[in-house]
Amino acid sequence: MSSSQPLRGVVPPVCTPLDASGEVDTASLARLVEHLVAGGVHGLFALGSSSEVAFLTDRQRAVALETVVEAAAGRVPVLAGVIDMTTPRVLVHAEAARKAGADALVATAPFYARTHPREIALHFRTVRERGELPLYAYDLPVSVHSKLSTALVRELAEDGTLAGLKDSSGDEGGLRRLIVALGGRAGRADGPAPSFSILTGSELTVDAALLAGADGVVPGLGNVDPAGYVRLYDAVRGGDLDRAVAEQERLVQLFGLVDAGPESEMGRNSSAIGAFKHALRLLGVFTHGTTAGSQIQLDEVCVAHVERHLRDAALLPVR
Amino acid sequence: MSSSQPLRGVVPPVCTPLDASGEVDTASLARLVEHLVAGGVHGLFALGSSSEVAFLTDRQRAVALETVVEAAAGRVPVLAGVIDMTTPRVLVHAEAARKAGADALVATAPFYARTHPREIALHFRTVRERGELPLYAYDLPVSVHSKLSTALVRELAEDGTLAGLKDSSGDEGGLRRLIVALGGRAGRADGPAPSFSILTGSELTVDAALLAGADGVVPGLGNVDPAGYVRLYDAVRGGDLDRAVAEQERLVQLFGLVDAGPESEMGRNSSAIGAFKHALRLLGVFTHGTTAGSQIQLDEVCVAHVERHLRDAALLPVR
Amino acid sequence: MSSSQPLRGVVPPVCTPLDASGEVDTASLARLVEHLVAGGVHGLFALGSSSEVAFLTDRQRAVALETVVEAAAGRVPVLAGVIDMTTPRVLVHAEAARKAGADALVATAPFYARTHPREIALHFRTVRERGELPLYAYDLPVSVHSKLSTALVRELAEDGTLAGLKDSSGDEGGLRRLIVALGGRAGRADGPAPSFSILTGSELTVDAALLAGADGVVPGLGNVDPAGYVRLYDAVRGGDLDRAVAEQERLVQLFGLVDAGPESEMGRNSSAIGAFKHALRLLGVFTHGTTAGSQIQLDEVCVAHVERHLRDAALLPVR
Amino acid sequence: MSSSQPLRGVVPPVCTPLDASGEVDTASLARLVEHLVAGGVHGLFALGSSSEVAFLTDRQRAVALETVVEAAAGRVPVLAGVIDMTTPRVLVHAEAARKAGADALVATAPFYARTHPREIALHFRTVRERGELPLYAYDLPVSVHSKLSTALVRELAEDGTLAGLKDSSGDEGGLRRLIVALGGRAGRADGPAPSFSILTGSELTVDAALLAGADGVVPGLGNVDPAGYVRLYDAVRGGDLDRAVAEQERLVQLFGLVDAGPESEMGRNSSAIGAFKHALRLLGVFTHGTTAGSQIQLDEVCVAHVERHLRDAALLPVR
């Protein structure tokens, strides 16, 4: 993937399986990559939020990324998250990602210390220059507590700092304003590959985002059902919006598995990621469904919730 | 409009023109109603946020609502906002709305005092029972600082408390989950009129919302260009999504007029509503473009920004 | 109270008792005023947040304020909250407060519609000019979702717009910066009465606030134990900080009654105000402990929690 | 420092000087430690937020911590921040801190991924068990976007997980409730050393916090004027509250240096930390005033603002 060929399509944020000792389960991770590539995905996003990157030590991040790159074996490009609080720490991850063979970097705005739009711009420019790989901005206010403005993303798109945007802000109106500012849907979908790739992280409105001119999607739920998202993508590209909506609605129902854990007892992250990981275990891809760090684990009732959603979506045989 | 005929289509939140003394300019308001009805809209939402309802005294609210009802003259239904902090104060507005001849009420969750989902549910149930008109919930976290959960709206839809939802939360994923929970798009668009009307307030993604199964839209920008939103609505209903996207993109560009005022000098409300009101003045609908209360007024530079957007959108002749 | 004699001391935000039909129980309210004046308070703040002003209709607000003014009978000044979303609506309440005989007005920043510091300044200046009474700013971000900056309050203090500040922001550092900017503690406590009155709403740190140079306190808990807050105030004024701290710690323990209701089942407002009102019922001041509007009522277990705190604080005899 | 001797007094969060290449300037850092110890401080907090820990790579963190430990040379205890997103990453920093000779660890709640109080409790328990050093909780909602509840801190204090709390939440009322729950001021100030050390990070209200029963303070501004904070601490301990207030007011005025940079052009972090670092440069302690990472640097006008505050506080000779 060169910066002249921005990404299009379905690019799941790859989950990271753990073994009984809490280390990266590389065999399960390689199976997941096969599951995703077999499902037809167009790229892989390693070390994104769904990978529990925030919970992985630097050593574990390296193992996970190397495993994904090796398993992908050049069949699809691999984007690597370089998630950390500030530019100097992000640059350490960028160097590791380069060494591991990633095709592009994905960075958020700085977090923890209060920042400013001018400092965010400088952050992305520095990561682009010194990171030596195409750079995607990851707009994730729920984690970093600032929103990338349309004006800032546009500026960084037009001056070539950014190869693309992964928009997980949920601000569909702002995304639309960006798309229109960058030429609108027509210039994207029908012409040559766009020079700036817009990927939505809103996995429940992919049909709508693609209709509006987004180039692709980074769906956490795509770990569980990559083929479903690929069918959805293909339906929109093929102009069959009715089929796209039907597929999206099926995936919305499947997404209900993230409500596995009760809000009164665990965090939204441990519930959702735990649900993805247990779903992959039930599908035979992962050996364990364990989440990392100090997260609460799903109990039997929660896992039954996940299993029921898999059966309802016909991903497991109905008993 | 009875509760068995929920609303579909374009339902602009009607702006409230003011005269030089700060009172409701009823002649301009009647002209706006004509402008909207002539544009083909399917209903009118009086005393919504775009009406500056928060700035109008009870007396002014009554004048505005009576003017809209009289001018509409039964050609389209009139929904009336009953915006206030808590149930007892909302009920006072509900009684006034009933007397003025409104067809339905639109209420937010309580605000100012910290509340709880159980208290929000009780709020809507009480307003429904004692308000004696069909009730729409207005989900507007930016103003009331709580979000109506999908589960709560679903519960209040299924037990008949709510006739519909005006969703201005920007949470398109949550809205999609609600639509799917209520039967999905197919059951809405193609069957008989749905028993629960879902209206999006996200005026920049109307094509997407309608594609997903929303029944209509409440676009602030629809004050300025009602016909544009009606064309967009008709295009989606007619299955011509390419035309819908093109129309939406034109409206996204026109929406740029809300950036009239510099963020360093005025609030987002005074900038956006001021832009709508000056646009209506430039279009010959309003006599003045003044906003209410202690808001900063647009200056000449700001008004030129508005005018330029009107010309670019071919709503004013290009000079 | 003229604007040349700003307020000092304990100024409780007067709770509003309701009768079985939900109307203002004026007999109980008059008893509360006696309870407070007998406790030695220096002023009364009617229609503040603890009065459930957000839940009272305009008619109920008038009844409550008139009752407080009449019962106070000039023995202490009465400040009246004029709580509403914007300047025009606040001015309606200001006129009512003037007619009811209030000595001063208390207004928050505008809320509901997004605003701007320049608009907030204009708001207070307009309310001061047209309200025709001394004006206190009420800094309450938890309700209005904006914070009055130190610079803004200082500007409005120095130009005479504001007679004082009721600071319920919890930002003790910012309050300290304001006090120092206005001359520091020495110029306040020892010289003639300050021209600008700083009242803290942080009822758990009154000793600290008075030490730092605040002029008084507006304690919700002062409804229940006015004499305790007066003893605390007198101890600091008399230089006996050890006694002040001991009294404050007793009041901190008593404050535990606000945790009466479980967070999973009711809002913080209904729990805290319900606890104050039931405490006043148990003390023989109120006939009912009911809260207004759609709030959840305290059940028997919650009321037992309140009663236990009253006994522990020796406000009720130990059984 | 053993866990049976919790910390009392002034414990500045040590700033980290950088050289022209952006690396830790160990000579300047050693001078800062001398400046602080000569000022009479009772402990040092290395790798706290004021150290720009979020901007330091792991290698730079190690250099900074080793320099502080070596320069302190056992004269005062050294607490080490182990700031990272989650338990596994914090444990890596804990091991490095142990190797560098830190006396205790300071950890925040997890951030970036949404978490839950049960997960936060598990986080602190795991860091305590596997970190092998006394552990202080760092309550810093402005950075980590969750608040440690009084109930949680109390539970972790009483079961011995935590040796203390650094409270930078600004919630003085909650802190007071914690102090009272743990026995009140009397049991802290007058008896034997408390088993749980409460340190406030609110550098503008230290007199008040100590009056209320806090054991000490972690003042960022203490880098610039350690002797001032020690005088303030000694004045409260000696019962001379008038002198304490006067000293605090002087420090509040000095604190104005953090407003060096215009909010429209730089973040609050780069302005405040930049001001501390340039102040230390002007005082001859640091060689450079540069801040780390992608922060905006103070320009000449900003530095003049800092210098003026130093002269006004008599820390530099008046010209």
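When the chains are written out, they are named A, B, C and D in that same order, and each has its own residue count from 1.
Just so it is clear, a contact is a pair of C-beta atoms (placed from the backbone, for glycine too) under 8 Å apart; a residue touches a chain by one contact, two chains touch by 3 or more.
Here the structure is a predicted model, which is why all the values come from computation and not from measurement.
Visitor: If you tally contacting C-beta pairs, which comes out ahead, A-D or C-D? Let me know.
Guide: A-D
Visitor: Which chain's mean C-alpha position is the greatest distance from subunit D's?
Guide: Checked the centroid distances; the maximum from subunit D is B.
Visitor: Given that subunit B and subunit C are copies and touch, would you call their interface same or different according to whether over half of its residue numbers are shared?
Guide: On the two sides of the subunit C and subunit B interface, the residue numbers are mostly the same, over half being shared.
Visitor: Can you work out the whole-Å distance between the CA centroids of subunit A and subunit C?
Guide: For subunit A versus subunit C, the centre distance works out to 49 Å.
Visitor: Could you please state the distance in Å, as a whole number, between where the Cα atoms of subunit A are centred and where those of subunit D are centred?
Guide: Taking the average C-alpha coordinate of subunit A and of subunit D, the gap between them is 36 Å.
Visitor: Once bound in the complex, which stretches of subunit C touch subunit D?
Guide: Counting only subunit C, the residues touching subunit D are 170-173, 176-177, 180, 184-186, 202-205, 207-209, 211-213, 241, 245-246, 248-249, 252-253, 255-256.
Visitor: Over in the complex, which subunit A residues touch subunit D? Could you list them?
Guide: Those residues of subunit A that touch subunit D are 22, 49, 52, 54-58, 60, 83, 85-89, 92, 110-116, 118-120, 122-123, 126, 142-145, 265-270, 292-296.
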